[in-house]
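Okay, so chain A shows up in both of these, paired with chain B first and chain C after.
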Partner chain A sequence: MSAWLDMALNGAPINDSLVSQRQQSLALLRAARWPNRKVEAWKYTPVRALEQIDYSAANQSTAARGVDAVEGLSAIELVLINGVPQAIAGELPAGLQVRALSEGEAIAGELFGSVKPSRHIFGLVNDVLAADGWVIDVAPGVQIETPLRIVYRTTEAAQAHGRVLVRLGDKSRLTVIEQAEGTEPSMSTYFSEFSVGVGAHLEHYRFALQTGAAMSVGGCHVLLAERSELHSTLVGFGSDLSRLDVDVIHGGEFASAKVNAIYLLDGRELFDLHSTIEHACANGTTEENVRGIAGGQSKAVFNGRIHIHRHAQKTLAELNNRNLLLTSGAEINTKPELEIYADDVRCAHGATVAETDKGALYYLQSRGISRSQAQIMLNFGFINELVDAMPNAALAQWLRPQLRARFAQMGDA
Partner chain B sequence: MLSIKNLHARVEDKTILKGLNLDVKPGEVHAIMGPNGAGKSTLGYVLSGRDGYEVEQGSAELDGHSLFDMETEERARAGLFLAFQYPVEIPGVSNMEFLKASVDAVREARGDSALSSAEFLKLARVVCKQVNLPVEFLKRGVNEGFSGGEKKRNEIMQMILLAPRLCILDETDSGLDIDALKVVADGVNSQRSSDRGFVVVTHYQRLLDYIKPDFVHVLSDGKIVKSGGPELAKELEAQGYSWLADHPDEVPAE
Partner chain C sequence: MTEQIDKALKREYEAGFVSAIESETFAPGLDEDVIRRISAMKEEPEWMLDWRLKAYHSWREMEEPEWAHVDYEKIDYQAISYYSAPKSMKDKPKSLDEVDPELLRTYEKLGIPLIEQQMLAGVAVDAVFDSVSVVTTFREKLAEAGVIFCPISEAVHKHPELVKKYLGSVVPPKDNFFAALNCAVFTDGSFVYIPKGTRCPMELSTYFRINEQNTGQFERTLIIADEGSHVSYLEGCTAPQRDENQLHAAVVELVALDDAQIKYSTVQNWYPGDEEGRGGIYNFVTKRGIAHHRAKISWTQVETGSAVTWKYPSCILKGDDSVGEFYSVALTRAKQQADTGTKMIHLGKNTRSTIISKGISAGRSNNSYRGLVRMNPGAEGARNFTQCDSLLIGDQCGAHTFPYVESRNASAIVEHEATTSKVSDDQMFLCRQRGLDPEKAVSMIVNGFCKEVFKELPMEFAVEAGKLLEISLEGSVG
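Let's turn to the complex of A and B:
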């Protein structure tokens, strides 16, 4: 299969309260086909780079540098360094419980693997290897105003696995920001599962901003109960291997999901976003907008599946994917998939790949704006709508200069 | 200030300009009229450096600097302004951001200090009012969903904000009703000054009732074939352009 996997599984599974679930996943993993070009979900995304890092050089010190604050954002900081939870500063608001996964709370056993589908092979790896992480529980009816910011930090040459399990009680409200960055050689799997109760509201962000040799395969998996709401924003940069699997399951009627995703790639980077929306119940709505820009010799992969089950009548689902190719060397593989088994639904999907509008570039230049700045403005223009749609203004403010810096680096060559 | 000598230029394989000469001095307004396909729009694109428009021979200088040695943005910073016949829509880039970036770039090139956001907003509001565009248009995407008239007024707004040395107006009157035409002409007239030149490219004489030219030139088949005062525009209005084809011998040789 994979020398990396054999090495990673050496000594597994972890003997804790989740051991039976871990063993099950290990059995599935052993039986599964390791990703290669012939495995549809991994057709465009080679994982060879995993084998090339010398993980023995890992500095297991957890005394890595602190976490940069987001200006204007007062958040509860939940930090995982190489998958190990760090102490939480300050008091938690009433109705919010946050524990380390290793504390063995009963709720962890209930949530672990309850939302994340077992088809994600690195999700199985995470099931087996994620010794720790965060378990978050919001009591019914409680509105948590302060966002939770979960920072995934992976040190050089480390392999890190972390798991986040979140339960939103009925009619509760929570904002969760998942943030990963880094450029140094490493491999991480960070998977989060959210069980959103009846009438509850989850505002969610996942910033997969690893670049360079920082490899990551992760996922966010959301189960929506009746009349619950999800507003999710996903932002990805590419690296030697960067993959995100997102699942949204409408498990109750009248649930609503809004998913906005942006990916921006440069150099020889790879970013792969696979999203699956399961409309298992009637009267649900999904609106998914995905925009990507690929420069250099990068490769972007987007697979957006919407699956409307037989009883999911009156579903409204829209999936739109637009891409901008900055160079002839860049590559975009996009595949929207609509699978509809109910007859009274409204669904639409579309995917486009375009080049920079030369006329717009000339127009901006004719007003004295340099070509490189004009290109940055046009790139920004392409994704601005989704940045503006982020419900948290401080986060949007924090993100913009990072996007600008990325665009400046991408250039137009 | 603008001196074009024996300009030959082509688009793809087709030579469009075939030996064009034009001199514009500060304070002058020159109208260039001519039938469709004469090369009127090509002139503006060649001077501003649009991709795909290639100079075969000849020269064009603005204040003694060769335009063809500069990038498009450098020409703009040197004081060349082209008001587009078809301004480009750029969704996602706000008009405000666009105008600020543009003014910043031109001011920086001139050695003027950058305007703060507040100073710029104040200025932009004044100019919005001058060209009769609602202030809300500053927040909208560049030309996004603007009517034809709104786009042209946005062009004039840019011209006023950038305070160029030489303005080329490419069929700025096309698609305008008479009220919009007056607004556009008022905007242009407000910018006429002794140190600024204008080249007004138009198919119809109508615009010249509002922007009074000092000189009128007839462009045909890539060359200026006749030049005169404002009265020439009236003649063209009466006679049309068919005489160009019917009596090529009457055309004075270059």
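Let's turn to the complex of A and C:
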């Protein structure tokens, strides 16, 4: 096992209304194999760095710092500082209920662990250690127009665990933006679970933008009921350890999921995205587009699994993963997986890894654009399609300069 | 339609019969003593025995791999007999006329009369009946060209320098669990050496066949193509019907030196077990080739048999400008399970690889493609293209794809694509409208699906492969 884990688990589990679920997870955790090269889900992602840190709960400060607003976006700000919910400013619209996890509402008990599969080892860690977080409930038939923006902030030398549980009632609509960033040395696990009701629509964003020594292992897990819809956009930068597990479970017929993901890595960063789409019911559709760029000596890992269960006939599922490898010091490991047990389905996946098209670079240079500028343009063009596909224009507008700054930095390396 | 499916899936194994030939067989069990006895029976030199014992000791330290997408009862390695030889082999036959007539009849039942093959196909056959090579033909003609084609047990005596240099150089004894076991107990197999600049005058072929009950077959094949040479090698196998699972853990090593070309084709039709999945062969094979500068290694396989298949013919593209190819058709039905694919390890500059894999699943079977494409930092300008297609027939089977892509060189290009579909109602309707019966229609559609692979097979094999698929799939979709 891991010394880090032993230390983290000291005193666990938390004795609250979720204690029985926490105990179960603790037992699973103790029986599980700690990530190493031989554990398939962690084949390319070492977690050794955890053993060198000495961040503890004692370091946690809840000193609130203003959250940078997104220009042009009026959102309901839900802030977790080191996993501790901060006061919500302003009124909530009718039909939307937001509570802290620690308030012990009955709905928390129903949702906690109901969507997230137990195979995620850091998800189990989160089960045991996440004392607080947000519980969000949208009443059936209610369309919440204002996006919810959940900000995960981890302060220097802190170890933080937070949990977000979201329920969308039947035929409701909600936009959730999950945003994690920071460069300070820290370790965090933020996991969110979404139960999307019949005919409901979830617009979802997860920005895993921690860099440097900000280590993070997190997950988003979505259960789709009949005729519900998910539109999710994931953006990741790399850090000493950055891992995101995404699960989309088609738990009802005629559900549709669209998942777009981007990862941009530089320096010695590592980013690992594991996505699993479970088609447990018939007539579902999934479209997943993943684009990645790796420069410097970075390491990108993508594992995209589509699992079509025996009765999930008439499923349409597609996954596309395209990667640009900017330098030979960097590394891209990708594995699109199909596991299919139903015959009347159409599934396809594709993966490519290559460098920037030399012809395109030459063309731009011949038009008087410097090589580094041309590289930035082409990189941007490579992923911009997915940024354009973000339903929220203000958010896309906010993201673009950050990506551009990232590319400029990658060009320097 | 269900009736048709049932009928087609209940097809009996055509090659299922047992030859009544007395065999000399070791008692089940594996220890150092067994290995010493195998080595002694083969009158092997000391170095060979040491090599086997070393492999045996590393095997004991190893664990049986569990990562493959297959499910089978644990094998009791102490319940297997590790040597079996037809008794009439004690005095080796000098020509076909001296071969046990019962043995020859066995081959005839399989549709490969040796004499006919020699005359019609111009193929040299090194037939393996259980564990001892029975007869090797066309030796002289090959000898004229300087080609060495003999049982590996003979090569150990006659060409020890070559065997010592290359045996285990591509698949080392510690490579994996099954390869280590093979190193310790292999009984026989083929050895091929093609001298510099020589084009082998004929296609080389081995016919494998498991016969004795409870004996695992541990074949070892080593093919060395010296600089600028060219060889095409065919391997085909069927096995008689059995109720107990039989283990087959072969190792094939290919060495293609500078500018050499090796084409290795397999049609595999071991006994797949009955409708309930009882019996059938466990086929756990390690096949790997190493390609030096400008060399080319091409694997083509048609896999229709075995209860469980675990097989990844691979290429290590070590030399600059070397080429690796993998063409595969894998068909599973009843309760068969196949986990097969390839590894392309790009080490040299401008290395190229192509992977075309076609998986067909029917009945309650599971068919997985598992592949690895690795571009190492030195693989400047390397290129890979992979295409994996799966066809599902019936709603009780599974088709899976697990492709690993690892790139560490920016100038390398890797492309992978995979699709899964079924024989569509539209395709069937079109064919039937043109007056084809459902069986013919399915056969035609499946043949079209596999065409890219079949065209890579040598003529004789392409015919056999097409026939195999046709029999397997008669009328299984509507």
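The rule is short, and it goes like this: the second predicted complex is superposed on the first by the 406 of 413 C-alpha atoms of A that agree within 3 Å, B and C clash if a C-alpha of one lies under 4 Å from a C-alpha of the other, contacts with A are read in each partner's own complex, and residues count from 1 in each chain.
We take it that contacts are C-beta pairs under 8 Å (C-beta built on N, C-alpha and C of every residue); 3 or more make two chains touch, one makes a residue touch a chain.
This is a predicted model, so every value here is computed, not measured.
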item	value
Per-residue contact with chain A, leading partner among chain C and chain B	C
First (chain B), second (chain C), both or neither touched by A:G368	first
Which of chain B and chain C A:A360 touches, first, second, both or neither	first
First, second, both or neither for A:A405, with chain B first and chain C second	neither
Partner chain(s) touched by A:M7 [first = chain B, second = chain C, both, neither]	neither
Partner chain in contact with A:F380 - chain B first, chain C second, else both or neither	first
Of chain C, residues touching chain A in the complex	67, 375, 377, 390, 392-422
Complex interface listing, chain A residues touching chain C	40, 310, 313, 323, 325-328, 330-355
Parts of chain B lying in touch with chain A, wherever the complex brings them together	48-51, 71-73, 75-77, 82, 84, 87-88, 90-93, 97-98, 101-102, 105-106, 109, 141, 158, 162
Chain B partner contacts - residues on chain A that touch it in the complex	357-360, 362-371, 373-374, 377-378, 380-385
